[in-house]
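Chain nomenclature is as follows: A, B, C and D, assigned in order of appearance, with residue numbering initiated at 1 for each chain independently.
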Amino acid sequence: MKKLINSPEQVVPDALRGMAAAHPDLRVDHENRVVLRASGAVEGKVGLVSGGGSGHEPMHGGFVGHGMLDAACAGEVFTSPTPDQMQAATLAVSGGAGVLHIVKNYTGDVMNFEMAAELAAAEGDVEVRSVVVDDDVAVQDSLYTAGRRGVGATVLLEKIVGAAAEERRDLAACEELAKKVNGNARSMGMALTSCVVPAAGVPTFELGDDEFELGIGIHGEPGRERRRLGPLREVAEQLVEPVLQDLPAADGAPVVAFVNSMGGTPLIELYGLYAEVAAICEKAGVSIARSLVGPYITSLEMAGASVTLLRADDDLLSLWDAPVSTPGLRWGM
Amino acid sequence: MADADQASLAALTDWLRRFAAAVARDERHLTDLDAKIGDADHGSNLRRGTAAVVEALDADPPGDVGAAFKQAGMTLVKTVGGASGPLYGTFMLRFGTTAGAVDALDATALGTALRAGYDGVVARGKAEPGDKTMVDVLEPCLTVFDEAVAGGAGAAAAARAAADAAPERRDATAPLLARKGRASYLGERSVGHVDPGSASTTLLLESLADALAGP
Amino acid sequence: MKKLINSPEQVVPDALRGMAAAHPDLRVDHENRVVLRASGAVEGKVGLVSGGGSGHEPMHGGFVGHGMLDAACAGEVFTSPTPDQMQAATLAVSGGAGVLHIVKNYTGDVMNFEMAAELAAAEGDVEVRSVVVDDDVAVQDSLYTAGRRGVGATVLLEKIVGAAAEERRDLAACEELAKKVNGNARSMGMALTSCVVPAAGVPTFELGDDEFELGIGIHGEPGRERRRLGPLREVAEQLVEPVLQDLPAADGAPVVAFVNSMGGTPLIELYGLYAEVAAICEKAGVSIARSLVGPYITSLEMAGASVTLLRADDDLLSLWDAPVSTPGLRWGM
Amino acid sequence: MADADQASLAALTDWLRRFAAAVARDERHLTDLDAKIGDADHGSNLRRGTAAVVEALDADPPGDVGAAFKQAGMTLVKTVGGASGPLYGTFMLRFGTTAGAVDALDATALGTALRAGYDGVVARGKAEPGDKTMVDVLEPCLTVFDEAVAGGAGAAAAARAAADAAPERRDATAPLLARKGRASYLGERSVGHVDPGSASTTLLLESLADALAGP
């Protein structure tokens, strides 16, 4: 394993130290491993808390800031954070309008956030609602599994609901909106290589020189199936087709197209993928209103990519366009 | 310390220490199992958590069984994360609550506390036997425990019977198709691999039998 | 070689198609492989043209936009673009106030930009000046070589001079400023892995499991020396020490600290490196006024990182803070 | 086509075609050399450029030597990029300008045109012999050419003499420390590897000899 780390145990705290040092707009609660806005809780605003295992940077810590999250809890690499972290985050961002937990649908994340919500309910001070993101179409028989995974839609949801919270929509409206974004978004991912979990020290899986994993999540795990790697336009179809098939139709409504690198795939390849995705969408009569291309929800250094399409209406688009100022996503301010 | 009929506070905290030692010993194996059908962190997750449990025991020795397991449960909840943190944490918390502020458990009380822990795991994780999770070891082995007690066995003998039944149940998870946890995302590809949580639960039951058998 | 590409020949044109599709603020001249602002040449503003081999994304095409470049010429992967591309870019961005070529100091880039400037001079319509960036302290005996390479400082320079051009400083002032930024910036890079040039299909070099290359450029080439990989804090010292030693002293003036991923090193490690860099600077009494952490000048999927320090004054800092809106760097608008 | 004393337009365009074929054949080798001390693109750079030269010859057959080499030079400048594009491009442009609008070059005129091309390379790249660049092949081999002509050789024989001298000069770049181009960044580590540009220039001289020797 070759990594720029001090030791596997220090990866997460070292990264948090770096974030704190690099971003004066952020404050890091090192004891609880929570990234917060330096400006503190916003009176009268719904607080948005997310979190999850580390290794997906810039998500979630890099999405804390004006127009997006209020706090992000960092777990160990690929390991959900714990309820006490979430509880600390919840209390820290509460501005009296309630707190929304944004939870990706993984057994661990769901259970830990559930326990955090139970803690909050027991204390009684803060009203907490949760939304569970599950946009991954790779998990087909989701009735008989832990359900679909939460992947790319998380980024879009945090941006859009972040904007809504910033304009002081209330907790119920934010929860409703979050469910709407989740319900209208679908994703599919693939991997060219495994990644190396620092504590494990070896690649999670091995792939042949002409193979890729289709239908992966974001935890370096193998996907639904192993396929032979063809040219980019074939890969693009394998990603986009299942997304389009499952995407809620909405006669003519445009989409937000998000082409994401799993970490190791460089921008030059990602733009090539975006070109193919745009071409496929055009052919399918799906018009792209906004786009996002880059490494936003990653699996350490894994090479691979995912495609997320979000069926959007005017409200979603104007919330998407609203100013945001975080280390990972920034425009309009 | 051990008495064939009773599980003392000392023996039960020894259980926690032995479990931590077993997890530390098998950390890589647990992580390797998780790499096959999960995300390669089960060993490091549990090692981090059980080491913290031992640290807490040392720093703040609990005065009764209930306190010991509530402390262990809270520690696991706060340090493990992932799926196994809430599950093992809930197991310990419910075990402690059910055991109460006593300094020993007889076989029946031990069985009741274990069963309460198990119920907590099911309430939290909603897995059923056959879903390829730790439940596939816990459920049948606790039944073995109860049957041994019904047949007149003391705490140590019942725990040994439960532990002896565990490896087979653990290995029996291999052919199953996962329906809970990360492994479920793999669909058919989860078949053929042992569930990592079943392996750690086997360590949990073996540690209990060893602790009650005495040094 | 596993890459998300259609073929080695199509990597660059595919990426340019993707950029054009993803960024309505940009226009791509596909024939000349030039990325331009969609809004066209800005009357009375100095035009900033850069360019270089592809594979360093987001640099340079991702830095075209308000407050930064006017045009970027894309060469083949790691191959300087050609004079005709640069000439097309120069003519396209000329707003009557002259054009500044920002050239990284590589023999190929320098010669091609020279030929482009000769073409421009021959046509006589546009006044062209050039600045050559050479901030890499790894090349020590630069008198006896092609000189220092242009690396991380290029990003800082394009941002700062871009802001100056936007506020209508004239060609001479922009050239002067560019030289000042270059003169005050120093960089050092390292690699954990090689990258694979698509047309070559195999890694440029092989490294042992416990080795890294110290003193690399940005073209996937081996570095000055091979070293044994230690913990992050050691690597950080090996990068920062030579930079600090060579950085122009300016009693107490702060620096802009730029910690860059070569592509394959994920953000979680990069923030760890930033934490170490910040600690070393603090110990050395160097105060960091601004920072930039991320993959901005990359070598395809190479794992590794570089550190750039720029000694800054108030003018540089306020130009750094000025609004910028490009795909790769954006704030204030 | 070839005449021992003259290099006809046909023979000289055949030179360009043979050079393209040789580069295509050795593309991987040139790139491998460049991977060792450069950035692994010399083969693909030159193949792209020389293929474009052949395409231009086919699409727009030049009427005289000067036009042929100006076309080739501009094509290389526009398609190769990197260091070798301006260098080979300048070589061809100067060669064409010096040759002029003629339909053949005798040995002396060919030598003068080659020398002009070489001077263009030096003017552009400012390398000196010993810097571990293509200059280390061009310079001594053009001297061999000139000496052969002075000794009475025709164009074909002089070209053959120059080509025969090339491999040795190419290989002699291996022990040198690079002082120009990317390889110079490697310092001591550039020692022990043949310069890729010296290898392609050897192909250039061999192609010339082959073209003038006739089919």
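One rule holds for everything that comes next: a residue touches a chain if its C-beta (ideal position, glycine included) is under 8 Å from a C-beta of that chain, and two chains touch if they have at least 3 such contacts.
As the structure is a prediction and not an experimental result, all values here were calculated from the model.
> Identify the chains adjacent to both chain C and chain D in the sense defined at the top.
none
> Between chain A and chain B, tell me the centre distance in angstrom, where each centre is the average of that chain's C-alpha atoms.
Result: the chain centres lie 32 Å from each other.
> Mind checking the centre-to-centre distance between chain A and chain C? Centres are C-alpha means, answer in whole Å.
That pair's centroid distance is 29 Å.
> Indicate the whole-number Å distance between the mean C-alpha point of chain A and the mean C-alpha point of chain D.
Computed from C-alpha means, the inter-chain centre distance equals 54 Å.
> Could you tell me the distance, in whole angstrom, between the mean C-alpha positions of chain B and chain D?
75
> List, in ascending order, every residue of chain A touching at least 2 other chains.
If we look for residues of chain A contacting two or more partner chains, we find 77.
> So which chains end up touching which?
By the stated definition, chains touch in these pairs: A-B, A-C, C-D.
> State the interface residues of chain C toward chain A in the complex, per the touch definition above.
2-7, 10-12, 14-19, 21-22, 54-55, 57-58, 62, 77, 192-193, 207, 209-210, 212, 229, 231-233, 235, 259, 263-276, 278, 288, 291, 293, 295, 298, 300-301, 303, 305, 325, 327, 330-333
> If we count contacts the way the header does, which residues on chain A are in touch with chain B in the complex?
8, 53, 75-84, 106-108, 111-112, 114-115, 138-141, 144-146, 149, 197, 199-200, 202, 204-205, 217, 219-222, 224-225
> Applying the document's contact rule, which stretches of chain D touch chain C when the two form their complex?
Residue list for chain D touching chain C: 31, 35, 37-41, 43-45, 48, 77-87, 124-125, 178-182, 184-187, 189.
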